[in-house]
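Every chain is named by a letter (A, B, C, D, E and F) in the order it is written, and numbering of its residues begins at 1.
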Amino acid sequence: MIALLTRDLRLAMRAGGGFGLGLSFFLIVVVLVPFGVGPETALLSKIAPGVLWVAALLACLLSLDRIFALDFEDGSLDLLATSPLPLEGVAAVKALAHWLTTGLPLVLAAPVLGLLMSLPASGFGPIVLSLLFGTPALSVIGAFGAALTVGIKRGGLLLSLLVLPLYMPTLIFGAEVARRGAEGQDYMTPLLMLAGISAATLALLPFASATVLRVNLR
Amino acid sequence: MIALLTRDLRLAMRAGGGFGLGLSFFLIVVVLVPFGVGPETALLSKIAPGVLWVAALLACLLSLDRIFALDFEDGSLDLLATSPLPLEGVAAVKALAHWLTTGLPLVLAAPVLGLLMSLPASGFGPIVLSLLFGTPALSVIGAFGAALTVGIKRGGLLLSLLVLPLYMPTLIFGAEVARRGAEGQDYMTPLLMLAGISAATLALLPFASATVLRVNLR
Amino acid sequence: MIAMELRVDNLTVARGGLPVLEGVSFALTAGRALVLRGPNGCGKTTLLRTIAGLQPAPVGEISLDREAMAYGAHADGLKATLTVEENLTFWAQAFGTDQVEAAIASFNLDELRTRTAGTLSAGQKRRLGLARLMVTGRPVWILDEPTVSLDAWSVKLFADVVREHLKAGGMALLATHIDLGLEEADELELEPFKAVSSLGDSFDEAFL
Amino acid sequence: MIAMELRVDNLTVARGGLPVLEGVSFALTAGRALVLRGPNGCGKTTLLRTIAGLQPAPVGEISLDREAMAYGAHADGLKATLTVEENLTFWAQAFGTDQVEAAIASFNLDELRTRTAGTLSAGQKRRLGLARLMVTGRPVWILDEPTVSLDAWSVKLFADVVREHLKAGGMALLATHIDLGLEEADELELEPFKAVSSLGDSFDEAFL
Amino acid sequence: MMPDLGKYAAEVLSAYAVSLTLIFGIIWLSLARARRVKAELAEVEARRQKDA
Amino acid sequence: MASFWEYANPLKFMRTTERIFPFVTWAAVVCFLGGLIWGFFFTPDDYRQGSTVKIFYIHVPSAMMAINIWVMMLVTSLVWIVRRHHVSALAARAAAPVGAVMTLVALFTGAIWGQPMWGTWWAWDPRLTSFLILFLFYLGYMALWAAIDDDDTAADLTSVLCLVGSVFALLSRYAVNFWNQGLHQAASLSLDKEENVADVFWYPALVCIAGFVLLFVALVIIRTNTEIRARRMRALLARERQA
């Protein structure tokens, strides 16, 4: 298991950088939006929490197809499935590796990007907290979607289509936390919901992913 | 050439639908934003033109890596490079196929999504016009970026990083047209600029793409 | 090692919803190798994948658990950005063994040890892929055309390794079109097992 | 067809910034085939890619233009979602010829005509990849291990097609480890051309 | 016969038009495909009977 | 009494359903057209909503069906996962496009109704929003079926998606409710007589609802039979090619 994790992390670094790139995509989306909607500070600071969350979600989404597709194409997944590692464990570890290379950097970068989007001062804590509790769910749900589409050549966009509705609750609660935080309101309830979603998906979805992977490997 | 175009279009349809999926991604991004920023109509209608443009850009971006990477991986690109088709033509045709499967559907879908984002009535014409003139540039520039990154395994995110700065001018003028239109102002100047960008990139970039492809095939 | 046996009994294997081979039976005991022969498209790959437990068999029995088997497919499962040594080490850890050095020595990969797998030639990649089998520590090797793009000298190397494995009580099941120089191996011609086009009722009542 | 000749003169080929083969010279005239031999990793693939014009040669001359050559690499360039016939038709159109039917017949693909390429077995895919060569209509075939995973019967099929091609005034340059049954072909052993590790001055003066 | 729809005529009528188009669309598609598949299957079965 | 699972045999299923199909169809036509005609021509206008209340007869049944069809797909998917009856998986596949169309109808009629009532085509109200998410689920489900060649694989994957999707659809509903209190009507069909709409609107609506249900049943019967035939044909053709 740990071997698999270190291998995945190492691959992410070598392959022109899972780390750097997920992050830069986040950055770029955040930078694009002011060009799109125009540079008024008041407007920007109003939409900042939402845009940060949407950008984080898209950055996660884009790196999802790496989770299993690469291993499927070069035959590693067949070999992993016949190895002593349980497939549930493989699915969980791969989601974890995805979170470490994509989710975690986003959490750390969010304050900086908040500055770019003129996020109000009270909003920094909540955006970081909400991403911290929300991104694990994004990775696990995403790993499920990636497992579903792994047999399909370039299932990338199909993957987005399948995963996005699954992301909705996480997004809604996450953005709610961030928005309430930015407006200085209480945000405990949505934060708890968010943590609940993350915990539940972490506990259950790896099993679904493993089931689906087995079907796809047939 | 025409054979290549029909092949690419056919592949797009077969592979679980270049058409449908590019479009659904556009739809999904547009749908996500209200979830992120919250449901207030006034706010939404203000950011609508910008968000539509950013979404179109991202939808294009995501399907870029299909342009050359698939053909590279299975060796078709080597074979195309040694075939009588000029590589410049190949690059141009592939950009065209990308536009037909991604750009054009976006243009057609924009009004519907404008509704979802409460775009003001005066904004519908300009958003369609600006996408119509702008998306060809997105496809051609994207094909160039795809050609640059074709040798790199899963260069998807690197590709985004390279292409996004190149997309900036198109985005700025395109969103400007859409915004002015939505606010009922005159938008001829940015529209002309946009058309100029499209024309120039269409005329020049296929040559750059072909050069870069030759280098990557070594 | 306890003496074990791989017994395949009246197996039907299917691909794309259709049976390809029917009624395949054979037994493989410790220390023996079996070479599957048959023309292109007769179903060798499908049979091996079924035995390795990667796809279900509609009919028939396989006596050994997939836990005993190491499967080597056409694709080698190498990571282009990892070095030869890192590739092997990962699989050794996944299978909980520590035979990386032995594998590197057996397949003469020592010089290539620090090269990333992506820069190897076709035959060198294949050698690395075969070395992976050694680090699994599994007794039953299931190999699909193992010597594709190997030169004569490497084929001999491979045959020696297989012989060594058999001597230690292992088994090998191979599909190939090429002569491997494994004279002691049994052969099984798959042509006679070709599925006839009408199916038995039990396979899928609805879609006879 | 005008009589043509592929003349390679004192060629150096490089991969990963290092020369692999040096001073390779040979000539191939219409109606002849040349088989390149050499152990794994000696540089056959690199040489063929250089001759096909896919990578530049640091030193040396290749007399024929790449326009005359059809390159068949390890990867077949097949589209998994297109049928056998659609795959071939596309290449025929790209090369402006209309020999699809002849190619299908020669490689015995008639039964597989409407199957998508993704569902073929390894050997069937390879046959389709070779059929592609026929529809290019090019006189010089450059083939890298063409018979990988083909069964004996298909290898004979392939040899017949090559013979036919030579008879019509074509040429073929092949790299392989397997016996192709092309007795009339010349052979060239590449081992002697192995590059010595220090480079000549002309290669890249800056990094001596 | 036509009821007076008042100032909302456009809304009501377009709602009915869109809905009925969509519903009859799916009905028509279902029937057309049913007919096509049935015919194709019959043809294949017939061919099979002949061969057998 | 024979076991219910006998109908899981495709031939038996086809024979039985083809026998009851004419009755269902006629009942569907009568209820559907009858309800709509009754509603459109023979009901008064609402004092507040004017004639737009007539949209009610399409909007409410289609919205209900959109949800019910997903539930039906959930059940048949579970049956496939547990008992592996092909008919069950194919019925889910057959129902999805109908469900998607129903969702689309409800969305369109709602949007058209919204313009006069709320002054906007679309609002990010909980009902509306969670409905949109449901539509996305339908699209994803159908896209997944379409993307996979092997029928059993596709059935397995879409079943798991349907299961997981259902949980998330519920969760979305809750999340959206929490996120925003909406414009949309609260449930008006509760058993509590006090809160019901007036009987004049209510009876034709009931007929319409029955019509939509019957229509769905009829459609699912044809479409499932078509899927069974298509699947059998694929198997036969593949066999032919193999021979």
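Just so we're on the same page, contacts are C-beta pairs under 8 Å (C-beta built on N, C-alpha and C of every residue); 3 or more make two chains touch, one makes a residue touch a chain.
All values derive from a computational prediction rather than experimental measurement.
A.B. asks: I need the common contact partners of chain E and chain F, sorted by label.
C.D. replies: In this structure, no chain contacts chain F and also chain E.
A.B. asks: Common contacts of chain B and chain E?
C.D. replies: F
A.B. asks: Any idea if chain A and chain B meet via the same residues, over half in common, or different ones?
C.D. replies: Same residues, largely: of all residue numbers at this interface, over half are found in both copies.
A.B. asks: Chain pair with the most contact pairs?
C.D. replies: Ranked by C-beta contact count, first place goes to A-B.
A.B. asks: If you average the CA atoms of chain D and of chain E, how far apart do the two points sit, in angstrom?
C.D. replies: Averaging C-alpha atoms per chain gives centres 54 Å apart.
A.B. asks: Centre to centre, by mean C-alpha position, how many angstrom separate chain C and chain E?
C.D. replies: Distance between chain centres: 52 Å.
A.B. asks: On a C-alpha centroid basis, what's the spacing between chain A and chain D, in Å?
C.D. replies: One centre to the other, that is 45 Å.
A.B. asks: Take the average of all CA coordinates in chain A, do the same for chain F, and state the distance between these two points in whole angstrom.
C.D. replies: Computed value for the inter-centroid distance: 32 Å.
A.B. asks: For chain A, give me the residues that contact two or more of the other chains.
C.D. replies: Those would be 15, 152-153, 155, 158, 161, 164, 168, 172, 218.
A.B. asks: Where in chain D do residues touch two or more of the other chains?
C.D. replies: Each of 74, 80-81, 118-119 in chain D touches at least two other chains.
A.B. asks: Mark out which residues of chain E touch at least two other chains, giving numbers and ranges.
C.D. replies: Chain E, residues with two or more chain partners: not present.
A.B. asks: State the interface residues of chain A toward chain B in the complex, per the touch definition above.
C.D. replies: 15-16, 21-22, 24-25, 28-29, 32-33, 35-38, 43, 46-47, 49-51, 53-54, 57-58, 62-63, 65-66, 70, 152-158, 160-161, 164, 168, 171-172, 175, 179
A.B. asks: Give every residue of chain D touching chain C within the complex, in rising order.
C.D. replies: So the residues of chain D in touch with chain C come to 15-16, 38-41, 43, 45, 74, 119-124, 126-127, 145, 148-154, 177-178.
A.B. asks: Okay, in this complex, where on chain B does chain D touch?
C.D. replies: Contacts found on chain B: 2-4, 7, 10-11, 14-15, 71, 73-85, 217-218.
A.B. asks: Report the residues of chain A in contact with chain F in the complex, numbered from low to high.
C.D. replies: 144, 148-149, 151-152, 155, 158, 161-162, 164-166, 168-169, 172-173, 176, 189-190, 193, 197, 205, 208, 211-212, 215-216, 218
A.B. asks: Using the touch definition up top, name the residues of chain F that touch chain B in the complex.
C.D. replies: 111, 120-125, 129, 132, 136, 139, 143, 146-147, 179-180
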